[in-house]
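Since the structure comes first, as structure tokens, the remarks are kept for the end.
Residue numbering begins at 1 within each chain, and the chains themselves are lettered A, B, C, D and E in the order written.
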Amino acid sequence: MLSDPPILSLDRLTKTFTLRPIFGRATQVEALRAVSLDLLPGRALALVGESGSGKSTVGRMIVGHHAPTSGRILFEGRDIAELTRRGDQMRYRQAVQMVFQDPFSALNPAHTIRHHLQRALSLHQPEADPETALREILDDVDLDPVSTPSKFPHELSGGQRQRVNFARALAVRARLIVADEPTSMLDVSIRKSILALMQRLKTEHGLSILYITHDIATAEYLAEDTAVMFRGQVVEKGPTAQVVGAPQHGYTRLLRAAVPDPSIRLTGSDAGFAQDARQVRAASAAAVRGMTEVSTGHFIADHAAGDHATAETERADA
Amino acid sequence: MRFLLKRLSFYAVAFLVAATFNFMIPRLLPGNPADIMLANSGGMIAPEARDALMATFGFIDAPLHEQYFAYLGSIFTWDFGLSIKFYPMPVADVLTQALPWTLFLTGAALLIAFSTGTLLGILAAWRRGQLTDVIASPTALALQSVPAVVVALCGLYFLSVRNRVFPTSYAYDPKLDPAFSWEFAASVAYHGFLPVVTLSVVLVGGYLITMRNNMIGQLGEDYLAMAEAKGLSDARVRYAYAARNALLPSVTALALSFGALFGGSLITEVVFNYPGVGNLLYLGIVGRDFPLIQGQLLIMTLAMLLANLAVDLAYVFLDPRLKRA
Amino acid sequence: MPDLLRTFLRNRKAAIGLAIVLAYVVVALVAPLIAPFDPIARVGRPHQAPSAEHWLGTTRMGRDVFSQLIWGTRTSLMVGIVAGLIVTAIGTAIGITAAYFGGLVDNVLNFFTNVVLVLPQLPLLLVLAAFLGQVGPWAIALIIGLTSWAWGARVTRAQAMSLKTRDFIQASAMIGEPTWRMILVEMLPNLLSIIGFNFIGSVIFTIITEATLEFLGLGSPLALSWGTMLYNAQTASAIMVGAWWEVLAPCAAIVLIGVGLSLMNFGVDEIANPRMRTLGNVAKALRIEKRLLRQRMQEANQ
Amino acid sequence: EETVLSALPEQVTAWVENFNPFNQTTTAPSVLHFMYEPLIIFNALDGGKPVYRLATGHDYSEDLSSITVTLREGVEWSDGEAFDADDVVTSFELALGNPALDSVGMAQMLSGVEKIDAQTVRFNLSTPSSQAMYQIVRVPIVPDHIWSKIDDPVTFTNPDPVGSGPLTEIRRFTPQEYIQCRNDNYWDAESLHVDCMRFPQIANNDQALAAASNGELDWMGSFLPDIENTYVAKDPEHHSYWLPGGSLVAFYMNFEAPEEGDRAAFNNVDFRRAVSMAFDREAMVEIAGYGYPTINQYPSGLGRAFHSWNNPEVDEKFGAFTQYDLDGARALLAEAGFKDIDGDGFVETPEGAQIDLEVIVPNGWTDWVNSCQIAVEGLNAVGIRANVSTPESAVWTEKLINGDYDMAINSVRVGATPFNQYLDSLHESNQAKSRFAASRYYNAELSGLLDAFTQTSDTEKQMAIMSDVQEIVGADMPLVTVFNNPRWYQYNTKRFTGFFNADNPVANPVVHKTNPARLLHLLALRPVE
Amino acid sequence: MSDLLTVEGLRVDYLTAGAPFTAVRDISFQIQPNEILGLAGESGCGKSTVAYALMRLHKPPALVRRGQILFEGRDVLSFTDTQLRAWRWSEVSMVFQSAMNSLNPVMTIFRQFHDMLRAHGPITRADAMDRTAEMLEMVGIPADRMQAHPHQLSGGMRQRVALALALTLLPKLIIMDEPTTALDVVVQREILQEVLRLREKLGFSVLFITHDIALMAQISDRIGIMRAGEIVEIGTASQIVTAPVHDYTRSLWDAMPILANAAEKGPAHAV
């Protein structure tokens, strides 16, 4: 299972944003602190964590939207910063595609679906017959190949739009899809079908998926592996069954506990949760010195003793 | 503070660019001011006399860069040389005499237009589709596309020429001497009425439309529903919440409208023979009064920059999000 | 595209505006056919009041005001459109370039734009017009075009900036679209309404400004345009001698086209800004609501 | 009760507090003549006869190389100091010593000014001329005891003026109005019945009209459109006007025009005559000029004001060429070989060169622009291709001086005799030196006659010379004169009487500062009752 | 007539360019004192429309065509403006979908409290400060933050402020329109716990609107399921969880991936 070499590895990736407010001094935001992850071919890695923990930043750095402050991104073993030849860069770009959270914003409202897919096809599959390829791709994502191409994005539902986004990644012949909360803006009722689509793309097309979410339940449904992030660091990672099923790190446990569970009724007297939350957050914010393997492939973070001084001041919730 | 410094340095550089531009323009103008001046006075003049006159006007044949530095220096010493049209008055004095009138005219018009426009814009948006909106908005729209010339001419024709309700010229009754008296103030108000109204009419439409659009943009916001849900009165929600927030983009629009304000005041002053700087500029251009044109453009630019700066400051003041405690 | 047009025309204001503007365009196109007289020939006595023969009277020079107005439409409209095109082209190019490339390019262009924006425009135009000497309408169009783009550049930039952060721009970058295609094919169509807005606004501005420059005597008195008509009326003291038709005719022409164009802009605005679209329904709902409320109160009182 | 006369001598946007009489541009318009009395006023409407003011006589030396002027006795300056020859000498030395003050050109005309005794001054001329006195009297006479102490008379604004004229006291001064009142030491006080003059600031014709029709102005000189209706009709009993002819307006053709065809055409007298016949002078006067100018159909361009100088033979021989006659013009052109060869509807020169005339006129000079349009209508009608162009007045002047034009409308000042207009426009030595002599017409015979005119003060001889001049000009038609500009003058008899008018044409009635005779006019006014 | 709120046959239309769009059709339900009623359904089914109409906050082109809203027996729809203003917030308050947008961005937190307090009776500034401090501390925010502007607080803090605002006048009913969708699960849980605690302490009713039925099941007493403007099913929380009647309710449960070990405990899967 672990025999395949990773298609993409993140090696101690760090990203620091410098905020220059109109007033006051510039502040540094450490969005990522030495994040290391491996993505394996044909598998999905779920990245979960609280809002603002740096999940999207990881995704955006993979597609080259931000350059790392330090650390490396290795694509099939090669540092992408060293891909100097245009051909190599193109190949990497093509191989890694992103599917965004907001399905509407990802499609150009001025153009039809045909435009979106055909451009991808003509750029990356010039040899294929455009109409046939188009039909096949739409079939792949369960869209009506006859009526869909001539529609404009606003004539499609959110779920359909998200399917078009996946179709575009297919048209480009991507091998890795970074899906940043692809279902969070969709109706509950169709969420699962998009997850099913990703599942199918993974198994049938052998795509790797980096699935960014804060919904552990969907991570469990889709991903073989899960990494939990908190304040820019990976605090726990490993096979989903273990990370979600038997969480070891405090924050993962907290996260796990907070997931709404219809079978448990909440009461007002359960004040312990908030207290726990405060403590766990404080403890988990400290710098990670290393990871301990608690079982095969399942790592949890060792935090430095002292409080890690983050430059962000507005972070703490209470 | 960084923000202010940044803006200030922008204005400084912008001023330099504009000043350089101003320097270039009159030097490229055809025609010689001394000749024009003499032609106007109807004299045939000997070349020696002409050259001597040129020299007294400060037309030295120095290399361009020397002229340029002398010019830049003049900005700081407020010494723009002697006016040709108003010889031997220094340009600075001519301008100083005219400036208060323009400030009065533009200030009053701006105040009137901005407050009425904004208020009507608020009402039109609040009662959108209702009477205020149905009447005010299209009217504003029409006014917005009426040139100042047209408004001024119509005002002049109907209110000064046909029915002698208002005077056709001057900033106050020439028989009076400027003084802090009611009589003088009344005269200023009486003479300023038409010019101020003209200018306000030209400007008000723009402010109304801007404010209305900003307000409509705010109307769907949750915090307004929240304010209403809190049981606040309609007026309070409208002014303290919606209008207050919609004002922000309006203030930016205000900065953009200064160009129109200056242009409008120029025309108004010319039509109503109002002794402001716009009128002077026009005279300067017609009379090729280079020193006057130069000084003129310079202070107009300066005024534009100051006005923009004021708006920047107002914006910072109005929007706490920019402050960061 | 036809979809856009339909939305545009469904808007009553826009439709009226378009009708007005089209009427002007038609007049401009067929001016030689419909003008009853040669606009520069002396065809009547000086300052004849409007009559069956001279619908809008004659000028001080005994020229037919109506014919002048019709020919003037041609000039004024053309000048407006040409300058509008220049303004829009420069503004759009600078705005999009600055927004798309960002960084240093943006800093430089944006600075430049802001500088132009804080220059007192009309005074500068006056000086420039005087500098060029006898400036015909075309020169005026050119001057206005070259000096008035900053506002358009600014709004286009703002719009393009927000467009650039939209995911679909990133998405097409990821599939490897070349830069020019990103700008022309992906961004431009989404900026059409702001460009249209800018264009229409520039046309209004130019028509007004041209009239103003000519009125001040800085244009060519020989040109046939509304501004020149105003200028000639002014120098003939038409207002003072009671020849109101000589002044009011060009004024009315300017105001009407201004209103027409503004109405169109309203339409564009409502297309671009969906919140503006529902105004009619709002009024209707309010009326019904009021009626229902009255009913309910009555019932409650009984 | 003081009598105050409201006058509008010129339109400005603000009065500038400058009472330096040497300044030609921004000095208050009531400084010359009213504040500083001239030596002599030559009355053009009275055949150029001298009216002695500060002087009591002037004598040319036999060889016309010097002029001796005797000064009036008993004249005092407004501060009580006596007026004498030192004042005159100082005044001329100021002009001679400061080019910027020498707007009349004394430096070329005079070789020196000598005080003979307290009441006598001699002017030594650089070249003998019988015309010199006309120029000399234009120099203002200022008090020696003040001006000899001024460091820089060029920039001096003379804030507390001391003068010899009727009105020397500035009672009130604001940019929008000033009032100038009686000189208590005025030598001719018994003639003066006006206590003060009020000068309101008025910026343009429209405002002038508004003020005038309201009856606010007593004495003015503005272009008032449709004057009968807008001004006279407002108060027919008191509002009146008189527009005697003034400077000569003519179309200049450049004998050295840049384009070959145009040049050839202009050098052909028949072409020039045809041009003249194509001009509808009446329309120019009636439509472009509101009927205010005086039509000028003298083939010699003499003008109605100088009719007493007219040579009727010239009228007889060449009169047809100044009549509006399109057919005649066409015939003349055809006869002279100007034909439409290329069929574009416009004639070419006999040699086949294209003719394409650009008529330049200063932008903003509306009556002239309209005259040019009427001229071009006529030219086009007879088959001469022409169009109007309106450069800025500065550019127009430059083009005239540099000869960079085809045809232009232009004006020449008229003097006390017809001599000035011919000298300024047609004398060889002036050609290409000023805008008045822009046609580049060189005629030695004509120049000789004009020189001879200056060499005699005998009226008979002068008449004979002028006849010959008219003969040459009429035959050659170097300029196409069209009309004489009106002298702008309106008055209101509600508060004052005695105004000059067509029935009482004592002198040039204009209140503008270029007219010294306005002093005579002022002294002729009497308050009502 | 012990119902706190009774909604009878409520219909809300949106007037559009074409035919009016009926967003809420003939909805009826009751809320008892001290009860939490959940309203769930997919996006666009009309949940917010109901919430706004209940407080008569709906804005044209929305139009309440028909129906009755009785609050303690009084007919809300026939309130005069004055009655309405007095009733709002003192008896019914609301927590909006996104706290980010429901707080006025240019006013300090205190001013937003002060404004509201003043609208409901005379109060001195000092008293208002005390009250604000008290309310903020109740939801776990240090009182000194009252001079902050909303943008200076984190999302979770803002949501708590909104909650504090809603509770200040001790209303009988609080309408919560998706109060936690913008937050992550941990924060969401913290806030809901807070709500429940306060309810026990203060005793108010809640109309809780969300699309997350698992969450709803955790806190509501009764649940209504909405679809396309209608309530298709309404029942006690345990009935909706364990024995949903309507197909649509079942499909909602099916569409949600449920954590594996949670599923073991709960019977939701077993239909």
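The rule is simple: a residue touches a chain if its C-beta (ideal position, glycine included) is under 8 Å from a C-beta of that chain, and two chains touch if they have at least 3 such contacts.
Chain-to-protein mapping (UniProt): A = Oligopeptide transport ATP-binding protein OppF; B = Dipeptide transport system permease protein DppB; C = Dipeptide transport system permease protein DppC; E = Oligopeptide transport ATP-binding protein OppD.
Given the structure is predicted, the values throughout are model-derived calculations rather than measurements.
**Student:** Determine the set of chains touching chain C that also touch chain D.
**Tutor:** B
**Student:** Suppose you hop from chain D to any chain it touches, then on again the same way; how many hops at least until you reach chain E?
**Tutor:** 2
**Student:** Could you let me know which interface, B-E or C-E, is made of more C-beta pairs in contact?
**Tutor:** B-E
**Student:** Where centres are the averaged C-alpha coordinates, which chain has the largest centre distance to chain A?
**Tutor:** Measuring from the centre of chain A, the most distant chain centre belongs to D.
**Student:** Return the distance between the CA-based centres of chain A and chain E, expressed in whole Å.
**Tutor:** 32
**Student:** So how far apart, in whole Å, are chain B and chain D when each is placed at the average of its C-alpha atoms?
**Tutor:** Spacing between the chain centres: roughly 41 Å.
**Student:** Between chain A and chain C, what distance separates the C-alpha centroids? Give it in angstrom.
**Tutor:** Those two chain centres are 48 Å apart.
**Student:** Would you mind pulling out the distance in Å between where the CA atoms of chain A average out and where those of chain B do?
**Tutor:** Centre separation, chain A to chain B: 55 Å.
**Student:** Give me the residue numbers in chain B that touch at least two other chains, ranges are fine.
**Tutor:** 30, 129, 161, 219, 286, 324
**Student:** Among the residues of chain A, pick out those that touch two or more other chains and give their numbers.
**Tutor:** Residues of chain A never touch two or more of the other chains.
**Student:** Which residues belonging to chain D are in contact with no fewer than two other chains?
**Tutor:** In chain D, the residues touching two or more other chains are 206, 210, 364, 392, 395.
**Student:** Please output the residues of chain D touching chain C within their complex, sorted ascending.
**Tutor:** On the chain D side, the touching residues are 205-206, 209-210, 225-226, 229-230, 283, 287-288, 363-364, 366, 369-370, 373-374, 377, 388-392, 395.
**Student:** Show which residues of chain C lie in contact with chain A when the two form their complex.
**Tutor:** Contact set of chain C toward chain A: 166-168, 170-172, 174-177, 185-186, 189-190, 192.
**Student:** Using the touch rule from the top, collect the residues of chain E that touch chain C in their complex.
**Tutor:** 14-17, 60-65, 75, 77-78, 80
**Student:** So in the complex, which bits of chain A are touching chain C?
**Tutor:** 63, 65, 90, 93-94, 96-98, 100, 102, 105-111, 119-120, 123-124, 165, 168, 171-172
**Student:** Using the touch rule from the top, collect the residues of chain A that touch chain E in their complex.
**Tutor:** 50-51, 187-193, 195, 214-218, 220-221, 244-245, 254-271, 273-274, 277, 314-318
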